[in-house]
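Across the two complexes that follow, subunit A remains constant while its partner is subunit B and subsequently subunit C.
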Partner chain A sequence: MKLGKQKKMALETFLYTLPALLLVALVIYIPFVLSGFYSFTKWNGIAKEPELIGFGNFVKLFSGDKDFVQSLLFTGKYTLFFMIIANVLALELAVILTKKIKTANLLRGFFFIPYIMSMTIVGFIWKFIFSQGFAKLYEMSQLEVLNLSWLGNPDLAFYSIVFVGVWQSVGFYIVLYIAGLQAVPQDVQEAAIVDGANGVQKFFRVILPLLAPSITTCIFMSLTNSLKVFDIILALTKGGPGASTYSVTLNIYREAFQNNNYGYGAAKSLVFFLIILVLTQLVLRGFKSREVEL
Partner chain B sequence: MSHSKRKKIRLLAVEIVMILVALIYIYPVYLMFMNSVKPFGEVVADVIKLPGKIEWQNYVDVMDKMNYQKLFLNNIVITSIGIIGIVIFSSSTAYLLDRRRTKYTKFVHLAIITPMLIPFQTIMITLLKVMSVVNLNGSTWGLGIQYWGFGIPMATFIYYNFMQTIPKEIDESATIDGASTFRTFVSVIFPLLKSVTATVIVLDVMWIWNDFLLPLLMVNNSKNTQTLVLSAYTFVGQFNTQWHYAMTSMVLAVLPSILLFILLQKYIVEGVVAGAVKG
Partner chain C sequence: MKKKLLSIVLCIAMVSTMLIGCGSTATEEAPAEDAAEVVEEAPAEETTETADAEPVEINMFIASPEYADAINQLIAEYQTQFPNVTINYETTQNDYPTLLKAKLNAGECPDIFSSTSGKEIQTYLEYSYNIGSEPISESMSDAVKATMMSGEEVHGFAIKGNYFGVVYNKGIFEELGIEYPQTMSDLEAACEKISAAGYTPFTTGFAEWWVYKHVFQHFLDAAAGEGDVSELVSAFINGEAKMKDYPELYDDFFRFIDLTVKYGDAKPLETDLAAEEAALASGKVAMVCGQGAWIEADVLKINPDLKIGFDGYPVNDNADVCKVISGSDQALRVSKDSKVLTATLDFVNWWYTSDYGKAWFKDTAGVIPPVKEAAAPDFEIIKQGDAHVAAEGAGALAVTYSTDSFHQAFGETMQSYVAGTIDKDETCAQIEQKWVELEGAAQ
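And then the complex of A and B:
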């Protein structure tokens, strides 16, 4: 009787969790394993049978695929700039918005609005501003900065993309930092002031260490999101001018769906996966070890 | 007195500066709305000036050219199918995973949440092939079902963490009263998950509604299955010199999210924070 009940429970557990398991397997594990297989083949997507070529794709990749290396460099540089600027800016704004300001909630909403809009549309809005908007502002102000080709010059295009990326998502990091700041106990802050700490000391010695969990979360999120940057670039520059603003994801996309090199694209995507995995684990560990408990 | 007064004045100054910063910050969104109701000539002549005459005709034209009603319906279908499945499968799975801890559930738990580490771009090439084999590509309902698999890992993770805060006594007493697992879950546990369910819904609606790459791969071939964002993307490509139409199509694509945000700001912000902290 008891055994029967246990068996029934095990069967129940199996049946309840099966749909979730199957669905995840269908859209993630099976394609992932297939990507592994295709990375050892040459396949244009049309031919019936992919042709096995061993490590050919990886050899080609590591013996110097200029475009891929350039897209890696672009993505790395973008990630670095994005992480630093987005986090510093968001933390700063969050500190101000947690002061006793009457309109704080409304202002937070203003900063958050770009985040709820599709990144593609955000890219288009800025494309419009960089061309039409800046032209008009230049006419009015004669400021040379506004007359530069912000999307047409390779160096400037990089900064434009970083700028738009930060503009779109800084509101997200602001609300995370606000939540973290509100969790820092008031009495600890008051104790610091009683002990004679000034505003700057209070921030760097008391608040910042206690904010470490929020910082870890935001750093982790900004890292994974910026490594995967895609939509904004597609809307703003399509990878141009030249191929100066190709991100890794855009490079993989083009390799597979425009050049029809599915096997080679799959190899690139696996390398990209490993890079993300290693980077996020390293960063996560580094930041976690610095967290303090109250 | 003078000290606190000075503090008040300083705070007021900070507030005024912040209001200005926020207004400049949101100015591009305002420009998009304003230029969407200008006639073409006025957009080209001066993007900053207010419209001399409000041109609602832009909206009539673009809604007609885009087939807006159909697109809106597509978005609703994809998002609701996606959300319903994610909530049902994730909450029930998390319930069993937490309450029946065995070697098997440990394995399932790991197998379900690990994919959060796999970037979409790593699997997109072969996903397209797998989805055409099982006939889930090229249709709105098929895309909705795909979101089940992509949404379950994160949602299960969030539900699972929350489930641990619900005392076991609650469902044990229901079971002793003779309720089945299904009964206990539906009438006792699920109602207690309301706040997490809200978080999951907020996060996933924002994600699915605005998603670009997966719909681009799956439903971009036919006008009948396109999403709002996809259509705005092609539309802006086609009309890239006719900025008044481009602006209008962009407004039409983001308006639903902005309205929803204005109505539910508190819940959306709370949900996003909860999702990031728990997930």
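And then the complex of A and C:
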């Protein structure tokens, strides 16, 4: 029994990845295929036999589902706000934190801490701050801005969610940007200074283009994460007030598990999957093509 | 070379243990099904005596975590009397329906599970056992039983009876020398007086979607008048009824909501159950919206000196329709396919018929007993509720005729109305549409 070296390597690789592959298949691929099946059924998630109805769910979805469209718009708006604010803020903070500040390491830690907390807990903490915390602060300071109903007003609730979302995850993007900034070679920067570039020029003409791979990664991550926003909304507003903060994922969750339309929920999630797939591919391509090599 | 061999062996070992792990659960299922069949024949021979028998395990997965301690005591008592029975009790703080569905789809229906009563009795019908011919059904009070029926069959029982209405601070009303208002115009006058005296007339809880359904059912009862509320709700579900045709819904309900917003909390859409309880306990708020018997214990924990009053909602200018509502909105169900059906039935029968079980509702859980001829606990809301029911009768528990899918959408629509994003006609149109969309599909 003598295997060729390459064959053996291939077998080894296969065997090593098999346990992980099986687990991933079990919790991701198989449910994915199954929900594909359920999207062709009328099933309430309780009955023993789902009833096959072909493309019925998709027809219903594309012939106009006001709530779904509403949640798509909300998610789009959230994604836009989240991506821009999180990335600009993270990049700024990363630049500051790579400067020679005494407490830089400590500060990096502080910014990263919210990211290790679970989204649900962050949501509940902020829910408390927005309601009881702000009320107490208003009593002490009489600042009108603290007396606004940050979670009870449909317009303000959106900004509260964006704020908490950014607050929670900005640390993660800071770390990615710091890694990118540290990889920008010193000699190029020095050459730019010798050539007479000032600080602003150096940043926008030299550092930023060389940071492109980090930017691509961060944009990609923030795009997918904000499209899938769920737990933070569930903890903060539960989609309220008055259904004004429903993200697509929350809409799907409610359709499937609370309205007992499991089949229709599965159809929605498949459509949403395609939307994410196309959107991320487009954005990824766009940013990849702008990257420069040294 | 040796290392590589070792790693390959390890790899194979890992994979094979996984496969074995998966395999064994798969093989376990087969005998389980057999067992279910075997037990189904068993009840015929030994109907009551399972004591001294082999050890049995009953799996109980129910909502209502607030009674976890009391239920644990009940189970402990049962197990001292019947040592062969083990009851695995499990509960959850939220999202019970989702977890239950996961269990049902995994083929692990708990022997005792819960749902809401009324319409959801139908949703889980193919899983639940008809306890109509069991002693438990004899013992159940009529108001509770009415919400558990599917045709002639009884498909659930309750942990507690319940009272719905307006909880108010008697102290404030006495201090200002006014009676609790029975009509809408009296209510408006009372609100003015209360707020002039420096108190807040209402705390609303409008951040919670279920508060609206508790308020709304009183207006539905009034709208149905002498007729059957369930028929009125069915008419809405079939798209035959319109809110506009019922002044109790189109005018009075919104008049009431407007009043509570005008005379209510500063941030109504951020006020949840906890905030309502805190507000009432603070002694600064006169009336609480959308709650009932369940808040008394919590409120008294914060402020033991509070004088609590309880009455129905003023609906319009007819004082007769201002009634409290009683019944049970939660149902416990026995699984039809339970492997230990006899033991489970013995347990629930014991719960409702034994002396300990009957006294448990008052002494341990502190709830309104859902059984006939049992003493009620010493709570103001329950005592006053009993008195109201004796004097003027109780309204029907209209919330149970629609499922919570609808009620959640209803609550959200009402939140939009309170926030001012949609007007009354748009709100009514959306409510009518949701009723058809969500309930029509569930049937």
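Note that in this section the second predicted complex is superposed on the first by the 272 of 294 C-alpha atoms of A that agree within 3 Å, B and C clash if a C-alpha of one lies under 4 Å from a C-alpha of the other, contacts with A are read in each partner's own complex, and residues count from 1 in each chain.
Throughout what follows, contacts are C-beta pairs under 8 Å (C-beta built on N, C-alpha and C of every residue); 3 or more make two chains touch, one makes a residue touch a chain.
Please read these numbers as outputs of a predicted model, since none were measured by experiment.
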Looking at A:Ile46, would you say it contacts subunit B, subunit C, both, or neither? Reply first, second, both or neither.
second
More subunit A residues touched by subunit B or by subunit C?
B
Please work out whether A:Tyr16 is in contact with subunit B alone, subunit C alone, both, or neither, and reply first, second, both or neither.
both
When the two structures are overlaid on chain A, which partner does A:Gly152 contact: first (subunit B), second (subunit C), both, or neither?
second
Quick check for you: in the superposed arrangement, does A:Ile85 touch first (subunit B), second (subunit C), both or neither?
neither
Looking at the overlay, what does A:Ala243 touch: subunit B (first), subunit C (second), both, or neither?
second
Looking at A:Thr120, would you say it contacts subunit B, subunit C, both, or neither? Reply first, second, both or neither.
first
Would you check which partner chain A:Asn259 touches, where first means subunit B only, second means subunit C only, and both and neither mean what they say?
second
Quick one: is A:Leu284 in contact with subunit B, with subunit C, with both, or with neither? Answer first, second, both or neither.
neither
Footprint overlap on subunit A, comparing subunit B with subunit C:
12, 16, 19, 257
Show me the residue ranges of subunit C that touch subunit A in the complex, using the header's touch definition.
4, 7-8, 11-12, 14-15, 18, 97-98, 101, 104-105, 123-124, 126-127, 207, 209, 266-270, 275, 403-405, 408-409, 412-419, 421-422, 438, 441-442
Using the touch definition up top, name the residues of subunit B that touch subunit A in the complex.
11, 14-15, 18-19, 22-23, 25-26, 28-29, 31-32, 35, 43-44, 46-48, 85, 89-90, 92-93, 95-97, 100, 102, 104-105, 108, 111-112, 115, 117-127, 129-131, 134, 145-146, 148-150, 152-153, 156, 181, 206, 209-210, 212-213, 217, 229, 232-233, 236, 243, 246-247, 250, 253-254, 257-258, 260-261, 265, 268-269, 272-273, 276-277
In the complex, subunit A residues that touch subunit C:
11-12, 15-16, 18-19, 22, 44-48, 130-131, 147, 149, 151-154, 238-244, 254, 257-261
Residue ranges of subunit A touching subunit B (in the complex, touch as defined)
9-10, 12-14, 16-17, 19-21, 23-32, 34-35, 38, 96-97, 99-103, 105, 107-114, 116-121, 124-126, 128-129, 132-133, 136-137, 140, 167, 172, 175-176, 179, 217, 221, 224, 227-228, 230-231, 234-235, 248-249, 252-253, 256-257, 262, 265-266, 269-270, 272-273, 276-277, 280
